[in-house]
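Note that the chains are named A, B, C and D in the order they appear, and that numbering of residues resets to 1 at the start of each chain.
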């Protein structure tokens, strides 16, 4: 008997890529080592006896660059990680065996997109706009979706449209829209397992203050153990008016790291 | 109306992780830059006014380390990539815009596991054993699965059991089992879109010869445009006797790179 | 019998450090991989049985960052390196065995400082000012020094005073003073073995044009085989009015690299 | 009046390079990130309007690889650095501002070579041989040199002859000759400012024990504040029978690092 998953696969799936391409010079947070890609060997550098040749890569990168997930080990508050673990001691040996990104399971979960500016009647949220719990509730209502425990909630601010204009996307001068402490509380109270956004910092950043305070990170990562996904591309899925889907999110199994680049997918059947 | 995918998700999925953990000192090919992970910032290095602190990572790595996928740009033959592209010119600018790993689409496809040693009545293939087309045919028959065009075919040699004993897994002294040119031809003639194995080189390696010739890479990557996935963990899925499943394989979107680490999943419904 | 060098050493030497400190975030050319330094192991991560512990470093960096020397392999013109070598072929194997920085001998040579703004009656050259052959001749005359074949000539523009204000020192918006093609010709005609400056690009850069043309690099590196040293700290030696000295310049022996960080010294006897 | 240093320079200097070349695959300690060099840009990747083109480098490396110097921050004992500094606290901010290699001044000092095997009537010390204080005293006596406070003392074991046979030079299987705790005490009591050797670990290593205990490091770095230079090439200077010279040793000014690659020179007048 065929697995029903394979039957659906056979009928056809539609896959939306929610990740950004990774390239040298891409917009990223200045707080993290920048992404670098070079070719140590190019074709022709070393040709085998039979005429074969292989090219390869060297990648140097932070893990909180490109579309990526934050593991719980990423943020501490007053010296404590989620669950009360001692943040200083957790680094012993030079890696976070506790709450590192290797402890984040691959996720195939219900994904819910909350297209906030659409609900607000705008194409994009204003710079430094704080998305409130009321905005989230109104958006869900307007879209007729309900966030339930176990969901991965993706919050579109519209800011992703600036991705191709790097510094505007980073938004140091303007600030960047996103949820604040209250919005993070909304996500926690609805039982989200992970939360994503189309901005680099996930949460609202005020102009010219950098990432000096990050209350939503504290609420999600430290207080509730909810993973954060940043710099997602939510444009195509929003354009399609697709608000719930199978969300596929598979972090690399980087033992002891505080995050991982990811390439999340929104998948629906296309039968 | 609920998408049938979400209905299945609701009933429950069983997910097998086919990727290996990535850690400093993990077994890898000496031909590629080794995997390195360090913590530039640990908790406490820089504490924000509100008591928050963030730790982060620097990763230095080749792309053909850990469980990974080879893009078509990885291998050339007599100066040509798949489709006849000029391999020297393709590197202009220091990246492979043609046939780089960013051209590999995220895959949700039928995955077929061929558990060769089990069909051969052994727990693992011998070192340097060449898995033949006849072996592949016999294995498929014994397992009552048929490889059809569009499938991702995963060939278990049993060698993955040596993963925890690093040098034995690399197998420089002993050689490593795998398909040869003929087995690669079998995969191409059955229409595989990608082929994976539980070894570092995917194909059969003879003792003490390193990767001096790689005919299966030529057949798959250069002649047929079939991606190769290496260093997979096929033990759990083989132990479960699971021979077909939804295969989820999402390379990072590394623009111009010749490969990417991946963490493939085998997914079945658990309803 | 004691070597006269040791006798002078015994009487006392005065050493001026002409190199800049290297640190994360230091001003550097955006054309090169940025300097990164992290601690993979800190004390306490791994303590030996006897109570000993070692900390170590990982450095990721371009070679044309910080105070550094350009090897002849760094620049080509119409596909040719110095002496006519084929620039494309020279990279075979992924390193420049021809004209790489390993071919630059350690230098203990007469160093001559030309303090151009002082001769011009200014504290610093204007942004984007082109230092002319006449300026160089007038400066040498005013200082009563003569540049002779074999010298290393250090040209102070005064721009180094901006080092602590990173973006001002990089000078993308303003341009940066330095010699042009004619000044480079002056250096070549006087037989300089190497030429240094207190700016990142060595030569004059116009505002908002980046490093789009570098004629002095062509004249020096490609046409005359004269090494270039960039981002030197010439302030203390200029303040001391010291215009000739033993110049100690020892590139790292990086086989096949196009440059190396250096920490040049100006040394005089202090007897 | 000409500086006497320049007069000697004019008469001629003879320079011995005491550094090893740095190349991918060079022998190094497995305890440190390995040296990697790649070319991000090769000539032709990006040609300027005027026909100019620049190639550049990316270096990824530990600092305790190749010929290098250990800063005092490299080693701690029972949680203390030299002078009693708290080793854990010293890393705050992710770098060693206290006792980092930026605190090591460029050295132009009297260098003394002690050619131990020659004094012992051998071409090289035996594997794992411990060079004793008596050996050092006998060698100095035979060479008619006296170590005085302020000297840099270079101890030749002859092991450097194995450099070209990488694993033999690392010597994991055989052990490596060098001073032990007592020899380190001899260096301290003679007032050495720095001590060098022609081996990777500087001190005597027993077979198959790795760097499990390093008592000479403790004595020199932690107890006496004496820098250690490792993996020097002492063959040419020993062949020339040159036992005292001007030693030029200029670490890179890597702020907060625990060591630096160096290329030390032995210089004598050649008048």
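A few points about this structure:
What we mean here is this: contacts are C-beta pairs under 8 Å (C-beta built on N, C-alpha and C of every residue); 3 or more make two chains touch, one makes a residue touch a chain.
In this text the structure is predicted, and so the values were computed from the model without any measurement.
Taking the definition of touch as given, a chain qualifies here only if it contacts subunit B and subunit D alike; those chains are A, C. Ranking B-C and A-C by contacting C-beta pairs places A-C first.
Among the remaining chains, the Cα-based centre furthest from that of subunit A is the centre of D. Chains compared, subunit A against subunit D: the Cα-based superposition rotates one onto the other by 180 degrees, nearest 5. Because subunit C and subunit D share one sequence, their contact can be compared position by position; here over half of the interface residue numbers appear on both sides.
For this pair, subunit A with subunit D, the centres built from the Cα atoms lie 46 Å apart. Centre-to-centre, using mean CA coordinates, subunit C is 24 Å away from subunit D. Averaged C-alpha coordinates put the centre of subunit A at 43 Å from the centre of subunit C.
Taken residue by residue, subunit A touches two or more other chains at 33, 36, 38-40, 42, 44, 58, 60, 94, whereas all remaining positions touch fewer.
Contact residues on subunit C toward subunit A in their complex (touch as defined above): 33-34, 36, 38, 40-42, 44-46, 60, 92-94. Residues 3-6, 8-10, 13, 15, 17, 19-23, 31-33, 37-40, 42-44, 48-64, 66, 73-79, 81, 87-88, 90-91, 94-96, 102, 105-106, 108-110, 212-215, 217-218, 244-246, 248, 250-259, 261, 263, 265, 267-269, 271 of subunit B touch subunit A in their complex. For subunit C in complex with subunit B, the residues that touch the partner chain are 36, 38-40, 42, 58, 60.
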